[in-house]
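There are two complexes below, and they share chain A, which is joined by chain B in the first and by chain C in the second.
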Partner chain A sequence: MTRTTLLAATLTAATALTPVFAQSVLRLDEVAVGELDPAKASDYADSILMFNVYDTLVLPKQGEPGHEGHLAESWEVDGATYTFTLRDGIAFQSGNPLTAQDVVYSLERMQAVGQGLSHLFGGVAAEAVDEKTVRFTLEEPYAPFVASLVRLPIVDKALVEQNATEQDPWGEAFLSGNAAGTGAYRVTAHNPQAETRMARNEDYFGEIKDAAPDEAVLRYSLEAATVRTLLAQGEHDISSQWLPPEVMRALANDGAQLFTESGTGAFYIKLNTAKPPLDHVNCRQALAHAFDYGTALQMVAITEDVSSGSAPTGAIPVGMFGANPAEEALARDMDKAREYLADCPTPPEDWDLEISWIAEVPLEERFALLMQANFAELGISSKIETLPWALFTERVASPENTPHISQIFVNAVTGDPDTLLYGMYHSSTPGTWQSPEYLDDAEVDAALEAGRRGPGEQEREEAYSALNDRLMELAPTIYGYDRQSVFAASDRVSAPALSDPSQAFGVDGMGFSFRLMEMTD
Partner chain B sequence: MSSVFRILLRRLGISVIVLIGVSMLIFAIARVIPGDPARIALGPNATAEQVAAIRTEMHLDEPIVAQYGHFVTDVLRGDLGTSLYTNRPVTQDIVEFLPATLELVIFAGLLMVALGLPLGILAARHRARWPDHVVRVLTLLTVSAPSFVWAVILMLVFAFYLPLFPVAGRIDDSYEIARVTGFLTVDTLIAGRFDAFLDVLHHLVLPAVALALSGIGQAARLTRANMVETYDKPYIEMAQAYGFAPGRIARRYAFKPSLIPSLTIIGLDFAAMLGNAFLVEAVFAWPGLSRYGVAVILRKDLNAIMGTVLVIALTFLIINIIVDLLIAFLNPRIRHSTRAAT
Partner chain C sequence: MTRALRILASNPLSLIGLILVSGIVLAALLAPWIAPFPTHNSAVIDFAHANQAPTARNWMGTDLVGRDIFSRILYAYRISLGLGIVVLVIATPIGTVVGLLAGYLGGWTESVLMRLVDVFLSIPPLVLAIAVLGVLEPTLTNAMIAVTVMWWPWYARLVYSIARSEREEGYVLAAEVIGAPTPHIVFREILPNCLPAIITKMTLDMGFVIIIASSLSFLGLGVQPPTPDLGSMVAEGARYLPDSLWMTVFPGLAILLAVFGFNLLGDGLREVLGVDE
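This part shows the complex of A and B:
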């Protein structure tokens, strides 16, 4: 036997004896597309990608209000100036060290690209004081600034600049298909319509659970029947939140566990306050009291214990600043509805309400039918109108074209009520998909500005509480239910941030931090 | 110049005119779909200035004729623009998604021919007897339900209750096959991975059958009807009188003339599957161009709509040309009439 043959035989034997470790793979799905560029991220799928591939200076505390340092070790606030000190020894997935320049670049890039959630950072300037210190200066005080930093992922400046061109100075083409973060997962393949594959970053600076998935596959736009079959075959682990309640129920009956993420948004039925007869508060109050809140909740219930919604108490979801206590749930009151209707200047027989629903959200058709039946009990006639999202956003640009009633799900993208309420109710932001009410009220504006200004939590709580009361008086909206996202999951995955309220982050998508999940086989 | 070549030249000329017409029509239609593409692309929170900037960049603030001029100039340079849906060049999206759809449609088309024609022949040969009745009932069933209904039924039966076939995707996650053509049946063979090739075929079965069922039924019914008509012709009676074997009569004298109308319909069905595949692609999570096309229409992604429709129109025209040439090859009267006309 020659030396080469002997070596080959030894190598073959060694290979055969090397233990093969099974890779744990987490498979989940969301609605396409998966936007990988963190400056453009806004949808749920984008958030899942962003929170796993990139990191932010701070993270929301799990199960309690407030924030804690993540890439930042500490920070100081001096009026409208925020100074952050970065942790030592953090490196990007490329191997480049994280510096204050990367933070400045990430902010400037987000502002320049001008998409996704860049509106959160208007009027903010950043400078690198030294390698590890970055200072943000705000044009005017903005109390939820630290909260908004959970939407400022830090990108690897050197890597992006290396891949930027004269026509594409911010490397948008590069970051649409590649990652440049410090995150716990690296992108190994990305097809924005089909799937994104990620693998664990073994050099991650933070905690990754031992049993966290080695690989994660985020699939896009699977049909309900496909998800159900995949879960039954053990080829899928977590569904999206967009499955119809009946399918969720069937999956739960098949043995799937149900994960939830709550506290950041609600289902709002918006009344156009600029269009008669809803330009009069009593007419709006009549509708708000005639709406059947109990049936609405039954419509979104999945099992006896889990529902996509919880009882609303007012304009602000339970758990946020200024929310009413959970015990003060809104309920239907037909006597009051009739009283208000009697004081409405337009008699019910003269009403012809347009109740719209978004064509892409079939659940809203059921709510439209519910409202039609509820309001018919007051002698009010109405017609139901289906609007594709694109047409809806165009229609709401003028009060005359905006339907009397629109149905919208709105979330606080940072978990702070400012990002939920300011865009809906401040008089400076009418005519968007969030604000088809066209509300113009000085008291509401003042409360929103006070809530934004702060400075302390006490002041903010008072401001939002006053806002909540005022909105209940004005009734620009029927508060359908506080929204809770529900996901069906196989029993091989455990996700405390989606199953244990004391571990929840309170920011949409952050519960899907794969590093905190555990696979059981 | 041969008559088939003359037919080819004429069809190519007509195809260019059709493509220009389609591009103008779709260009105009895409711009009257409700919704501002810039607003949809930038998201609901974008400022008016950001929306205006994108509109300028996409020339949406110019008259429609000028916009079409920009489009034609870019297309002639091979640039279909950037998709606002995927944020990638449209050509890159098409190159990535088209092979998946073509592979699916080609397999469905093969099934259509391989099963539809023999079933039609079988029914015609045994007219008014039990094989004819069985084929007619079965084919009626297949044509009466659209592809996506079959997709869901096939998935429930053969993946959910009887887990015999995979549910989603084109290949098992455990295979890593280098992309050469984008056709996984070809790429797996190039890579020398026969096991992966079989896995790809395994993944193709349910979506291809779902997509083909309606076409199989139509091809069978049409072939049967044409052959039944042909069987009544005097020359068939003469062949029978000469004592030719029934199989020979069916293949040589009844099937060939009956094939021509069937071929036209099969060609049209084949091309139509490119557009109709989107629901089957959605059910089986098939990353194809049809699904992409529907997604970009819903998002009013103008560049991607134009790119997708043009590619589908082009493929449609190519298939039609192939069918025309095949018919000319099979039918001497067409060849001769072309020669006589010139």
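This part shows the complex of A and C:
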């Protein structure tokens, strides 16, 4: 008894002595590994880290197309030359001032490291005109260049060079464990398999909401059941998008909010066009018409209002250049499927389709079963194959080893259709995880190149519209559904960029800019 | 036989074991006829009934694609029992021969064989099986191979210890004196005296093989979908805890009943056959 009183007294004294800092903490999770090196960032976890720790020259406008200056104050375009003027008085977290040299260094480092999304910056050269002006020169015209700059985080040249060694000239070891950016959050601890802790950067040059979290903890690879329990007990704030729909639904029924980020990607069921019988267009069309689009949408619905999918209308997600209007939803048509099948040279019983699914994404197993049942109605025999991601990326390197059917979620990493479609369908890029179709079609190539060249929106719209039509004729892919990411969240946090369409960025992961979130207690 | 049944019946726990095991074996054998949804052991989908709690239609609820969990458990028992029988039928003779030879011949043979057995026993069984499956592809056949590889040394160890003590018994010495050939002594004289212990261990092991096989498929290394398997059903359901309890609890109970049943029966058999601990 006495001891308790004493303890209580000590605690009261301690509280009275220290000023009260109500540290607000945002807790979220994603799939491992969390790659902190911005030149290697490619997936969702990496993007969350990148958009909080680093800044880019431009940002997408919220709720509308186009871009606005961020680290850059303004820019001018002259053919294939882009000249950016940097904002004054921006400093890195280290205290070093940001200069044009840092921008040049960041581009060169990205190209030299050659990982992540470095392919976006293939034929680009940069030079520092003066302290505040940087000029990019493109080898050939690339209309979405400004859009691609949202994937060029600017690193602190002086700090990285200090930590580079002869064996590691680009400081890869340093940047995989430390931050060297201007971002609104500093990294306080980082373990790529377990968690990254970040704290607010009070010297940030841009807007940070007053109620933005003081600290953010991004944990990796939590089990769905763990996230479910933590969220229900108020021990977690935002789930990853990879929770199965049933778990999201249960959380929503318990009162969790559902955040969404949409419009730049789709669920693709990719057909290997280099392997019989799918080398024949009629055989592929038979599958595309036999697939049950309606049931697919039911499977990914979470509540009556929120779903991780909306009806597909063609090869390009609704809302992008060249997309068909939302009313023209694809639907199952078994009569047409049978007609196509009759003109397919291989009889259905000899098909022996391999339907693969990625072991890390349990939802895909259900799609594999759905397809197996759908195609069986046409008398097509098939077997289901589970491929872990690492094995899958290895198998797709040659057309013979690539399964007949692969299931892939792809997003336009910059929000532009070029980054969604070029890597998927251009004949120069076969055999990556994005292109297990092995499509080789001159008309498709021409449309992709025209879309990239632009220069105006009119030309791009026409090019992608033609591409869409051609792809629907060729059916290299079954367009499963247009996808949006859904996250379950506690009521402690509000994130307008993830809940209000007029505040959305349209770039994957950017909605997780912690500086724009607000903690409510 | 009647004596055996009487001893079994006099011990209520063994009787429960016998009833459980017979029930499970019958259920597995008759699965295509007694399962309410006999087609649900394959790639069937029925999204209208997906993820439903137990009802009169689906006694143990349905899984994520609408398949009846009760029907799938009945079919999964076929896989589990089949796997257990195959593993024991292969592992027991290998282990027995190794143990007999090492125990009777002694010397150089004993040293080589028993050190080999020690090497296998020194690796944790599940790790060994995972290693084997890591090299091979995860299929039902390979899961059987993996479990067999880790199982035979236990029989070698058991039979070896019996054979070593039997070697000094009068009847063995007598056979040696009249010049009986070694195979005769080993298989005709010593082996029959090991059989009760072997049969008891096989019954007890059946449960453990089912657990190990389920653990492997829980890790995704055993039977592949859509074939039902108790371990993978538990693994799949675990992602949906605590909301969809039935997906995990019923397959888990099914494993528990099988292991419990074989253990009780094994204990009963030990008494019937008069095997020492």
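Note that the second predicted complex is superposed on the first by the 502 of 521 C-alpha atoms of A that agree within 3 Å, B and C clash if a C-alpha of one lies under 4 Å from a C-alpha of the other, contacts with A are read in each partner's own complex, and residues count from 1 in each chain.
Note that contacts are C-beta pairs under 8 Å (C-beta built on N, C-alpha and C of every residue); 3 or more make two chains touch, one makes a residue touch a chain.
Fair warning: this is a prediction, and the values are worked out from it, not measured in the lab.
Student: Based on the shared chain A superposition, would you classify chain B and chain C as clashing or fitting together?
Tutor: fit
Student: Is A:235 contacted by the first partner chain B, the second partner chain C, both or neither?
Tutor: In the superposition, A:235 touches chain B alone.
Student: Please work out whether A:25 is in contact with chain B alone, chain C alone, both, or neither, and reply first, second, both or neither.
Tutor: A:25 contacts chain B only, not chain C.
Student: Which of the two partners, first being chain B and second being chain C, lies in contact with A:172: first, second, both, or neither?
Tutor: first
Student: Looking at the overlay, does A:37 come into contact with chain B only (first), chain C only (second), both, or neither?
Tutor: first
Student: Taking CA centres, what is the chain B/chain A/chain C angle in steps of 10 degrees?
Tutor: Here the answer is 30 degrees.
Student: Just checking: does A:295 make contact with chain B only, chain C only, both, or neither of them? Give me first, second, both or neither.
Tutor: second
Student: Touching A:225, do we find chain B (first), chain C (second), both, or neither?
Tutor: Both partners, chain B and chain C.
Student: Which partner, chain B or chain C, is in contact with more residues of chain A?
Tutor: It is B that touches the greater number of chain A residues.
Student: Using the superposition on chain A described above, determine whether A:372 touches chain B (first), chain C (second), both, or neither.
Tutor: A:372 sits against chain C, while chain B stays out of touch.
Student: Which value, in Å, gives the least CA distance between chain B and chain C in the superposed three-chain arrangement?
Tutor: Between chain B and chain C, the minimum C-alpha distance equals 6 Å.
Student: List the residues of chain A that touch chain B in one complex and chain C in the other.
Tutor: In chain A, residues 223, 225, 228-229 are touched by chain B and also by chain C.
Student: Please output the residues of chain C touching chain A within their complex, sorted ascending.
Tutor: It comes out as residues 43-45, 47, 51, 64-65, 220, 224-226, 236, 238-244.
Student: Considering only the defined contacts, which chain B positions touch chain A in the complex?
Tutor: 33-36, 39-40, 42-47, 50, 53, 85-88, 93, 96-97, 152, 155-156, 159-160, 163, 166-168, 173, 282-285, 287, 291-292, 295, 298-300
Student: Over in the complex, which chain A residues touch chain C? Could you list them?
Tutor: Touch residues, chain A against chain C: 223-225, 228-229, 244, 246-247, 250, 295, 298-299, 359, 362, 365-366, 369-370, 372-373, 376, 384, 386.
Student: So in the complex, the part of chain A that touches chain B is made up of which residues?
Tutor: Listed in rising order, the residues of chain A that touch chain B are 25, 32-33, 35, 37, 40, 42, 114-119, 172-173, 176-177, 191-195, 217, 219, 221-223, 225-226, 228-230, 232-233, 235, 360, 388-391, 393-394, 423, 432-434.
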